[in-house]
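Each of the next two complexes has chain A plus one other chain: chain B in the first, chain C in the second.
Moving on, here comes the complex of A and B:
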């Protein structure tokens, strides 16, 4: 039994390919989370602000992205855009782009929520103490926002990691795609190969996402007020 | 004890929200060491007045002069002015992510750039005075409302303000905690700190005030010593307002027919 399992991973470059697939999954997630933070934080601050037009536009963007299946966005950018505009984006670029579009929308909403849930008198008591706007942001607002934001950011990160297998449909060999290819090839000789390979992938996703989710719960408990 | 030097001069102060006037050419002078108690019906502009004094609300007209400096000028650096004007609000507004000591030291150390040891000494002095030195490591969520307000007062005092503004600091407290906070303010008054206090605690107002300022609809209707104000208010409006706090003459079940109809059991 165990031999049959090990033989699959030992055959050819199977294990290395699975690791490469995992690398793609992690690259997309990391790049998309990083870019979403970079773009989502300013967007969220703008949404929480009092300027009338920008929050409405960002809200519209958020709603559109939210109702749109990720797969539709991937197809749109990968297949349609290249035909229509004659731009050829690599599957990797499209993946990061689409996940960033989604992540930025979600992130900006998280930031907006965190900022507007902070009571107005927190700003005021900072000012009343003689803190200037910079100092109010640095010492009063920012630390509290980060605490409110972190569980949401972590949750979004795990959701992104869990959604990466969709890139499979634009032929990007992520962890799941590689697994499927291996099963297709070795399934003829080894009927249990799907159990071993998908079991392995299950374990990998669990090993990545579960600690992140634990961290989120730990921080939430620690910062509860 | 009242030094005749003027610390704060407010002249024809005007403030409106969305075109609705809240303060109507309000004029008031505060001398060094004076304790002013501001009272008046809800919505008459008491909080707005205090908030204008430290620039939390921009004014629409008139002049505020603090220690000879005109504050109602576009050049005013409010963050500097606010270091000299302490303010405590109704709602507990401690910073929840800092403990008691960090709340208190933030201003003196980060804003005023004082030495930490010196600021700590002062914090210890004041925390001892309000009986909270052993709670210095506690976080705001671990304190009662009364304790939080005492810390908020210490946080303002730690900046060495020249004047303190109190906006209904006991209004959200349970009755048994009101006293501990008012006692702290009473002691500050005894030491000659200049204060403007907005409160609905009439007995406290009477005990602490050098002058009572009664505001109605954005203007000062009465400005008199507490004895005069409470025993002999000059205006009808003040008398009606004070009646809210009186229960004499209101009898259970009497329904205006007088106490004689109440059956007396022997």
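Moving on, here comes the complex of A and C:
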């Protein structure tokens, strides 16, 4: 039993290839989380603001992204964007783009929630001291909301990691796709290969996401008081 | 816009949407049952079962559905368990959703104060009445946003079912690519998902506002 499992991972470069696939998975998540932070924080601050139109437009954007399955967005961007804009984007670029669009929406809502839980007078005192709006956001509001935000951001990160196997559908050789290729090759000689390989991928995802969600829960409990 | 194309392919999308709704419906019903059982086990701190439920919830919440489905559809038959695509889809969605809904229900149950339960018992309510009139109304109001998020999430996750060879909306859209790219086909894909998910999302939003208006929750 165990021999059949070990032989799959020892054959050729199978294990190395799986790790390369995992690398793609992690690259997409890391890039998307980084970009979502960069775009989502200002968007969230705008959403919590009192300008007449911008918060409504951002809200609409959030609702649209929330209702559409990520897979549909990936599919649309991969097959339509090149068509309409006449640009050729690699599957990797499309993945990061779509995950960022989604992450920005979710991040902005997290930031909006954290900002609006902050008492109004924090803004007003900052303004009264002669800071401009940008300075108030940066020096007064932001340091105070980081604690409230961090568990949500970490949680979003695990959600992104768990959504990365969707890139399978646009033929990116992520962990799952590589796994499938290995099963296709070794399945004939080794009938149990699908059990081992998919079981392994299941375990890898769990090994990555579980510690991160533990961290998020720990921070939430610790910073609640 | 090619309306001939749209009318000709509309039944295809209609059928696929019906399949998506059916699978999501059963998946969510079973998920709710699994989630409720887990939440109650944890609420009453049943020994052993409590640890098992906690372990299951972590497994379900920290792994992707698509990997769970690959294991069910391609792995299990090698171990002698052969399930068709629909069974795998519903089983996978139930495995995933049970974990999410268990957490949502648990959040609601833990928001009901011990004092509430003791007060209910002291005025002579029996266990069922306590559940019906004291625990559920308060727990539901608190848990509803989480339940709604989980249900919408599960409906969106159904989009991966084409990997277990089910002719769902994504399958149809991808299949139509064979006839060449068509913007109309993509438009129908988006429209179909809107028709399936938006009403559920709006209904939950309405329900949440009503419950909040009733003064429970935050």
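One rule holds in what follows: the second predicted complex is superposed on the first by the 203 of 225 C-alpha atoms of A that agree within 3 Å, B and C clash if a C-alpha of one lies under 4 Å from a C-alpha of the other, contacts with A are read in each partner's own complex, and residues count from 1 in each chain.
One rule holds in what follows: contacts are C-beta pairs under 8 Å (C-beta built on N, C-alpha and C of every residue); 3 or more make two chains touch, one makes a residue touch a chain.
This one's a predicted model, so the numbers in the text were calculated from it and none came from an experiment.
Novice: If you count the residues of chain A that each partner touches, which comes out higher, chain B or chain C?
Specialist: C
Novice: Quick one: is A:148 in contact with chain B, with chain C, with both, or with neither? Answer first, second, both or neither.
Specialist: Neither: A:148 stays clear of chain B and chain C.
Novice: If you stack the two complexes on chain A, which partner ends up touching A:125: first (chain B), second (chain C), both, or neither?
Specialist: first
Novice: In the overlaid three-chain picture, which partner chain does A:59 touch, first (chain B) or second (chain C), both, or neither?
Specialist: Neither chain B nor chain C is touched by A:59.
Novice: Touching A:67 in the superposition: chain B (first), chain C (second), both, neither?
Specialist: Only chain C is touched by A:67; chain B is not.
Novice: Quick one: is A:166 in contact with chain B, with chain C, with both, or with neither? Answer first, second, both or neither.
Specialist: Touch partner of A:166: chain C, not chain B.
Novice: Over in the complex, which chain B residues touch chain A? Could you list them?
Specialist: Result: residues 54, 56, 78-80, 82-83, 86-87, 89, 91, 93-97, 106-107, 110-112, 139-141, 152, 155-156, 159 of chain B touch chain A.
Novice: Help me check something: in the complex, which residues belonging to chain A touch chain B?
Specialist: Result: residues 119, 121-122, 124-132, 135, 139-140, 143-144, 147, 223, 225 of chain A touch chain B.
Novice: In the complex of these two chains, what residues of chain A are touching chain C?
Specialist: 66-72, 75-76, 79-80, 83-84, 158, 162-166, 168-169, 176, 179-180, 183, 191-192, 194-195, 198-199, 201-202, 205-206, 209-210, 213
Novice: Would you tell me which residues of chain C are touching chain A in their complex?
Specialist: For chain C paired with chain A, touching residues are 58-59, 61-64, 66-68, 70-71, 74-76, 78-79, 152, 156-160, 163, 170, 173-174, 177, 181, 183, 186, 189-190, 193-194, 197-198, 201.
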